[in-house]
Amino acid sequence: MEEPENSSKINRRKFLSTGVRASVLIGIGGVAALVAKKAITGQTVWQLDPAKCIQCGRCATNCVLTPSAVKCVHVYAMCGYCDLCGGYFKPETKTLTTAAENQLCPTNAIKRKFIEDPFFEYTIDEPLCIGCGKCVKGCGSFGNGSLQLQVRHNICVNCNQCSIARNCPADAFSRVPLSQPYLLKQIAEEKKSPQSP
Amino acid sequence: MNKRLLVLLLMIISSIQFLNVYGVQRFPKPEFESGYMQPETLVPAARAGMLALMDVLVLVAALALVSWLVLKKRSRNLVFLVSVFSLAYFGFYRHGCICSIGALQNVTLAIFDNAYVIPLTAIAFFILPLIFTLFFGRTFCAGVCPFGAIQDLVSFKPLNPGTRLNTVLGLIPYIYLGLAVLYAATGTDFIICRYDPFVGIFRFDASFGMFIFAGTLLISGIFIARPYCRFLCPYGVLLNWISRFSWKHLTITPSVCIQCRLCEDSCPYDAIDMPVTDKNPENRSTTIRKLILICVLVPFFTMLGGYALSRLHETLAGVNGQVRLAKTLLGPLSIEQSESFEITAFKSSGKPVSQVYSEASQVLRQFYIGSWILGCFLGLVFGITLASRMITKYRSDYIPNKGTCFSCTRCVDYCPVKSDTVKSFSP
Amino acid sequence: MTKVTQSTLHGSNHEKRHILTLQNIAMISALFAMILCVLIVVNFVQIKRADPLNTLVMKAMIERMHANPGDEQLRQEIREIDLLARKAFFTNQWQVRMGGYLLFFSLLVVVICVKTIELMQKSLPIVPTDVKTDFWASRRINRTWVAYTGISIIILSMGIVFLTHQELGKNLDLASKATNPESNSSNPKEESKNASIPEGRNAEMEVNKTTDTIRKPDTTGSSGKVILDGYPSPDEVARNFPSFRGPGGNGIANQKNIPTSWDGKTGKNILWKTEIPLTGYNSPIIWNDRVFLTGANETKREVYCIDLHTGKILWQKPVEKITGSPAQEPKIIKETGFSAPSMTTDGRRVYAIFANGDLIALDFDGNQIWAKNLGMPQNHYGHSSSLIMYRDLLIIQYDQRGSGSVMALAGKTGETVWQTSRSVKVSWASPVLIHTGKRMELILAADPMVASYNPSDGKELWRMNCISGEVGPSVAYADGVVYAVNDFSKLSAIEIGESPKLLWEDSDYLSDIPSPLATGKYLFLVTSYGAAVCYDAKTGTKYWEHEFETPTYASLMLAEGRIYLLDKKGVMHILKADQAYSVISTSPLGEGSSCTPAFANGKIVIRGDNNLFCIGK
């Protein structure tokens, strides 16, 4: 007498739970379909737009990595090879030597090399660079703006939410397609790298 | 050369107003006579995109393997080994990014923000564990999630903090989930990623505060097993809900429970439902009256929560960058404020103030609606938690709670019933 | 595992020894990890307390160094400290990193040891001896706890609301309405704040701030809409682009974030492009988010209002049925057209004049406020002097054959407030309003003189006979010096004052259409055949000269320290306003142009031969 009643109860429960399971599955599928429309198959990476950057120095302090994955990058094609380099020397420097008291870079990451009178080549020693952007500010204010901050993708761990982007006052960080991971600003006539979507 | 110097000096003076002039060719590129070759600007590439596919494949493989180990092999040691592998791969090798917990926010933002493009891997990381949970229980937590794995590794002396603390602390994930969804939906921030305690350990790098947080969690994790999973994880809320309807789920005994009580203390997560055989000491009619009262009160709780949180929406929105900027612009600017990077950047953007205000007030409206929904949700959660503590199903066996069980298979080792022995006894 | 359990139960000495060793290893590792932790924290606190890369000592020493550069000892000291600081920084980073790795590995050892011990010591599960907890009682307690938690959360959130609530939403809505350019009312608080944003280089239109007095609201007959009277504050004028060659008509724009590169063909940085129905060589003017310009042919004259953000023509108003408008068409040449004078605005109304002398005032919605005809201009090329606003006075330079004059009409009604006749020949130049530091002056150029008038009553302040011929370029002014130029005449720099004197003159580069641009340090000039030159503003020394291949009709504009030179083919040459010739960029519009560009924050509006372009970033 009790046996069939129990089994019918179990059957009913089974049916109910199958129904709920199916509807949950449909729900998950629905969400997936909804967002899949906006999905891209490729990957994206974080990059900062030098045109928006105001060199506040937060790239050096806000990155989850120390030293930061943002480094100063030298676009040689834009460089004027100046003797008095606004990115290399402190503003009121009088003698143009590589002496410590003249250098703007706090970690000595910019190397100055004599090429020919009156031109000097500047290279960035990236392992030393902390991404503070002091040189970038100097070069942008007084020179051609050939020194630019960029996220170095060999270092960047590509966080889901970049912690520099969260604190960037100029909103210069965005995700860019993996195929064009740099937003270096070239000379005005040259083609600009495509913006992020 | 002297002329160059003079020009520079003049520029220093004149450029004070034009600090943000960028990318201008002030000095033409020199023509070198010494045959100097201009070096290339190096642009090191990022991790290849194809490897993201591998992450998804590893995820599926690990999920499938753990599900099989939990349900068929019922082997704690093997599950543990897979969890160590997951910790090594998703944690230390992939630096804990992207993880399923964080992907929740990407999916939310993608739903609410039409301009946001979401990588397919993020969707896969969000969806796959949910689907596996729907079929096999929370096997993701057992051996795939690196967060779970690292906490499992250190749970040396698990103590039970008591059901009442479990219940109360167990409500935190709902609040965390709600806030995470609210902030992600408004495009404010990904708070799960921001306050992710273990990602710093995976990277060997984090802020001091986050290390302290991670250290606290791990040290308390020696005595309270998996504190993050139980009392914080917002993704766990979803897994909890879905797991309740799972098709198959881990059972303590492979066959029939013999009421030996051996497994009673086996679960460090307090996720075993004990048999309920005692009669409710309360009068049946009293219980029913109370239950009806609570059920009537649930809509009230919901509305109360919604109202309370909606009052709070301005405080909640204070985190949003646009709102913060508008707020700063609104009040009289102190000197520090007007020289702050945010204001400097705003001024150089040439954006009209009115636009900032109207955008901020739009964000504020979103937060108003959002915090109403969040408050209602939390009120509902509290109400249902109360109500569910009224309803009891009498049962005679020890069974894992399908919602809170992490399918870690610890309890299995405690069960003296083996499937083959039972088989030989069964008629 | 069963095996291990059994052996443990047997309790072999061997096993026990193993466990003891493991316990010791775990202990030592844990101790080591603890010490490491302390070291790392100490290290961290040290670096937090004094960042070696930004020490105050260093800063002070560098400053002392600048004060006396000869101090060798100080120099040596700086170098030593700098080296120490860098060493400290990198050593610290290395220490933290190595410490982190060591900590990780020692903790790993602890974990492995403990797990192994766990595995070896696996004991059989035991039946709990304690009495089962009372299920129902614990349920009840659970419920109370949940209820209390919920209540305390609500109380907490209410407390936060009480402490932090500030009606932000309401304030924002109010502020957004007050600052919204579309609403006519303005919030005085916002006004002053906005004003601080553009550092007006020539915003010295007027020093006193007693403007924008909102007079009694007036209703217009046509729409019944309340319009505010009065006139814009100098800051408001400086923020906008209310007339030909910008505020005051002096060729200097105060807008920021101006684009420097675009391409009309590829559409790069072109925000929108709108075809203008009727042609005209007048230049666009901008007030808030509206662009105004006119177009005309032999029979039709029209005023256009265009949305700055979208490029949509918001309204176009045909100018017709004006009392006194002559029936015959004016005599013009193709290069001038029927609508060469640019419009002007005072933020309340816009004003337009056409080659036949038709003058119209419209409100911002395109409703006619007043209109009149000034009489057919006796001008053999076509009237082209642009309008300009001084406070609420509409100033018109009307130098015609036989009857030169300058007049001011009340912007609100069109009534003549003052009119001064001038004994000059026909002029195509436009009036320029300057603030000399003491007063406002209205400077006009026409054969034979450059003359200055008081803009409030039309009294002549000074004059200098230094220009001749058919004067096309308007004057430029900076730093107390007025520069006037004309083809087949000469370029004169006039130091103004009670008795103006000629500072210098030159006749190598003379323009007959585009107006020069003065920055205080330099004077820039482009001739109609496309030669650009930079003079020292005070001495007339030529710093650089450059021949562009194409003729140029548009006047030079200065924005953000850059010169915008638009040639007749529509190619914009952006130069650094500097002693050295340096091209910042060259951007083609893809269409010819003879009009001077107008500027808004982040945008340039250029009128091509057929289309109006808006360029942005």
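To keep things simple, chains are lettered A, B and C as they appear, and every chain counts its residues starting from 1.
Throughout what follows, a contact is a pair of C-beta atoms (placed from the backbone, for glycine too) under 8 Å apart; a residue touches a chain by one contact, two chains touch by 3 or more.
Values in this document were obtained by computation on a predicted structure and should not be read as measured data.
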item: A-C against B-C, pair bridged by the larger set of C-beta contacts; value: B-C
item: Chain whose Cα centroid lies nearest the overall Cα centroid; value: A
item: Mean-CA-position distance for chain B and chain A (Å); value: 23
item: Centre-to-centre distance between chain C and chain A (centres being mean Cα positions), rounded to whole Å; value: 26
item: Chain centre separation (chain B, chain C; CA means) in Å; value: 42
item: Contacts with 2+ other chains: residues of chain C; value: 260, 584
item: Multi-partner residues of chain B (at least 2 other chains); value: 11, 15, 18, 21, 24-28, 205, 348-349
item: Overlap residues in chain A, where contacts from two or more other chains coincide; value: 51, 66, 188
item: Touch list for chain C against partner chain B, complex; value: 1, 37, 44, 48, 97, 100-101, 104, 111, 114-115, 118, 125-128, 132, 134-136, 138-139, 141-143, 145-147, 149-150, 153-154, 157-158, 160-161, 164-166, 168-169, 171-173, 175-176, 179-181, 190, 193-194, 197, 199, 255-257, 260, 560-562, 576, 578-580, 582-584, 601-602
item: Footprint of chain A on chain C - complex, ascending; value: 53-54, 61-62, 65-66, 69, 75, 78-79, 82-83, 86, 89-90, 93, 96, 260-261, 584-586, 617
item: In the complex, chain B residues that touch chain A; value: 1, 4-5, 8, 11-12, 15, 18-30, 32-34, 36, 38-47, 49, 52, 95, 97-99, 102-103, 105-107, 110-111, 114, 116-123, 127, 130-131, 134, 189-190, 193-194, 199-200, 203, 205-207, 242, 245-247, 321, 340-342, 344-345, 348-349
item: For the chain A and chain C complex, residues of the former touching the latter; value: 51, 66-67, 90, 92, 94-95, 99-101, 106-108, 130, 132, 188-189
item: Footprint of chain C on chain B - complex, ascending; value: 7, 10-11, 14-15, 17-18, 21, 24-28, 77, 153-154, 156, 163-164, 167-168, 171, 175, 201, 204-205, 208, 215, 260-266, 274, 276, 278, 280-282, 301, 304-305, 308-309, 311-312, 314-315, 317-318, 323, 326-327, 329-330, 333, 347-354, 357-358, 360-361, 364-365, 368, 378-379, 382, 385-386, 389-390, 392, 413-414
